[in-house]
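Okay, so subunit A shows up in both of these, paired with subunit B first and subunit C after.
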Partner chain A sequence: MTPAAATAVLAAPAPPGFLSPTGVEIAFLLVGLVTLGAALVSVTTRQLVHAALWLVVALGGLAVEYLLLTAEFIAWVQVLIYVGSVVVLLLFGLMLTKAPIGRSPDADSGNRWAALTVAVAAAVALVWVVVDAFRTTWIDLDGPAAGTTEVTGASLFRHWVLPFEALSVLLLAALVGAIVLSRKAKADAAAPAAPGKEGAR
Partner chain B sequence: MNDALDVTLRLLVVFVVFLTFPLIVGQTEHKVMAHMQGRLGPMYAGGFHGWAQLIADGVKFAQKEDVVPAGADRRVFQLAPAVALLPYLLVLLAIPIGPSEGAVGQVLDAGVFFVLAVMGVGVLGSLMAGWASANKFSLLGGLRTAAQLLAYELPMLLAAASVAMAAGTVSLPGILHAFHWWWLPWQIVGAIVFFVAGLAELQRPPFDMPVADSEIIFGAYTEYTGLRFALFLLAEYAGIVVLCGLTTVLFLGGWHGPWGADGLGWFWTLVKTAVLAFLVIWLRVTYPRLREDQLQKLSWTLLVPLSLAQIALTGIVKVVIS
Partner chain C sequence: MHLAYPAVLSALLFCTGLYGVLARRNAILVLMSVELMLNAVNLNLVAFDVWLSRTARETLHSGQALTLFTIAIAAAEIGIGLAIVLAVYRNRGTSDIDKLRDTAEGPETAGPDTEGPGTSAAEKAEATA
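So, the complex of A and B:
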């Protein structure tokens, strides 16, 4: 949800308080807790494929949160891209490297404290920014949906065209980079004669 | 109260469709294959035309022991059939069969994205089964499934995007309301790309490399027995129903028919879906299996460029006529 669209549609005259929450707010909170729990399990479990499957739960929970915020289009795109493609790619990689059933003893890192620090710092920054930006915005659930495809498309291509295009160029650069890297590796492998049977193991 | 009743009724109808239509497709497949290949087996059970063959199959599956291999990841192994089957139930909710408000389970604002997203989730079931079985054939099957999905998801999405561009909406009933007969030749390339990519996503022959029985036994489903195996088969037939229904709605005009009677909308949708389902069975008994490299080549060098060309054509025509 972009700030421009949010403020344009929302801005209720008397902002409701946090006490006496509605059913949707309770559902939002519960789904949020499930999502957070799944995310935590996903980074702490020692079973690699289970981590990927918990990631599916976390991403799906996020899609439900979008739905509860009436952003239907974003929710389905979230499922399509992240659950349907990114997790499939992850599982493909895990299968290709023969992820074992059961715990992987080496699925831990010596950098865990550094990683934890960075993760907590990033989370605090994100939460602080989001809370600061949207503290006073409320979505009117009874009115017309604020996150329909039409509204999202209009705000994306009217107010946010430049970031959108910049992102697509960034992705294109990543794509070209990936192709160059894979071709280079192939050329390197071909140059020294007979790579041997090691690769087939 | 009335709303609750309405919702319950809709869910019930969708559920009944979900339970019956895949079985009808399965029964048709038995009979069509028996005729096309001169098979005698499926023609005996029950007497006339072997009508009881499907029931016999069901009884057989229900009787078999539900085995979980000792080395398998129990929970993921047992969960996989449900993950493979349930998404198709959700997709059926969004497919409209008639023009009226009551002829669709639930009108969704972004229906095209919903159906494609949820269909993609179903493949996770095969991947989970392939990994959790602790069997190298299953693992190979899972790998092939993932590779196939990654290759064919893109052309399928692009073809669907072309129709959405033409209609100016991503809602399934909205697309059908905007449909004209000349969309048929206009979008024909997209239709073929969508249908072929959908076949590949369902792992139907000639794209059944992930379950190739002569090479890797039965791919990701090798270790499954009894009802769980039957659920995977059911998922495949439900997938056929969903794919044919979607192709009908997106490309063949759904409820629009030659004699545009309003009351006949559901009839046209069902006839078109049935013809497409027959085509799916026909392709199965006609074509040999594609090799893995041929599969990838077909997608990346033929279907993706074709779907991009279709999008360009859609855009040009759209600008010219507006």
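So, the complex of A and C:
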């Protein structure tokens, strides 16, 4: 940084600190700690159903973070889709694969320490780079909210209509694909083994 | 608000999901960790969208639109993924990804009966763990 630029930075109005008078940082920090703790428990617990339930806490905490970032529409979509349907799907998957209730000792694979090394190295590198890159960047949360339903809807249906429609086709394809994958194959129905299987179910 | 708060939280959540993907054995738990990673990316998108919409007067709101698309694609992905896991469980009787070694290359995969050495190696690793 040249001296002129340095003086320009110094002459600029004092940058906002790490805390604002509204205290939104404190709320963000507390909810973030809860979210991160729930995520950590969710990936380390040995009880499979508890992992899904801690995932609910993590995803709900993220919805609160969206609200604190004034993105209310995203927050409610997060509550509806993630907390409402994805976790229910995961719980149904756990039940349909006969996941053991209670502690299962083989929830983690043998390469846990390699995974921990990779994750910690990635976390250190990412946090270092992010903090160093955005050291002097502040989000201005005052004024009209940037993510109300009106603003999001206007931008979505003014600029993003074609991707939106393509996404509906993708969802339809995923629906059909899930049905095709999860129903029994027709070829096996003709085989002699199929009636026994049907009777067993 | 300093931009580092959401960015650091997002990075830490992403690495938590990364650990879960690498360390978990049950396929459904791996899918849950993938959801965590996707959510970390969503938080980053929303934070940068709020920052840019005020600082750079960006009116496209691309971050929020991409977040909505990511959420929808994640819902599709979890549906397809669970259908695949259930099909695998119906065929094999297990959803442990350590035991699905049919396409693995190496000395222990000699023929179609690779289930025996694979499971024995997995059980050995379990016993030592």
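As a working rule, the second predicted complex is superposed on the first by the 104 of 201 C-alpha atoms of A that agree within 3 Å, B and C clash if a C-alpha of one lies under 4 Å from a C-alpha of the other, contacts with A are read in each partner's own complex, and residues count from 1 in each chain.
The criterion applied here is as follows: a contact is a pair of C-beta atoms (placed from the backbone, for glycine too) under 8 Å apart; a residue touches a chain by one contact, two chains touch by 3 or more.
Source: prediction; values computed, not measured.
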Subunit B versus subunit C as contact partner of A:W76, first or second or both or neither: first
Contacts of A:F157 with subunit B and subunit C, given as first, second, both or neither: neither
Partner chain in contact with A:S85 - subunit B first, subunit C second, else both or neither: both
Residue contacts with subunit A in the superposition, subunit B compared against subunit C: C
Contacts of A:L53 with subunit B and subunit C, given as first, second, both or neither: first
Partner chain(s) touched by A:A99 [first = subunit B, second = subunit C, both, neither]: both
Contacts of A:L141 with subunit B and subunit C, given as first, second, both or neither: second
Touched partner set for A:T149, first subunit B, second subunit C, both or neither: first
Touching both subunit B and subunit C, residues of subunit A: 73, 77, 85, 89, 92, 94, 96, 99
Touch list for subunit B against partner subunit A, complex: 71-73, 76, 108-110, 113-114, 116-118, 120-121, 123-124, 127-128, 130-132, 134, 139, 142-143, 146-147, 149-150, 153, 157, 169-170
Complex interface listing, subunit C residues touching subunit A: 1-9, 11-20, 22-26, 28-29, 31-33, 35-36, 39, 42-43, 46-47, 49-51, 53-55, 59-61, 64-65, 67-69, 71-80, 82-87, 89, 95-98, 122, 125-126, 128-129
Interface residues, subunit A side, partner subunit C - complex: 16, 18, 20, 24-25, 28-29, 32, 35-36, 39-40, 42-43, 48, 51-52, 55, 58-59, 62, 65-66, 69-71, 73-74, 77-78, 81-82, 85-86, 89-90, 92-94, 96-97, 99, 105-112, 114-116, 118-120, 122-123, 126-127, 130-131, 134-135, 137-141, 143, 146-147, 151-152, 155-156, 159-160, 163, 167, 170-171, 174-175, 177-178, 181-182
Touching residues on subunit A, where the partner in the complex is subunit B: 49-50, 53, 56, 72-73, 76-77, 79-80, 83-85, 87-89, 91-92, 94-96, 98-99, 101-102, 145, 148-149
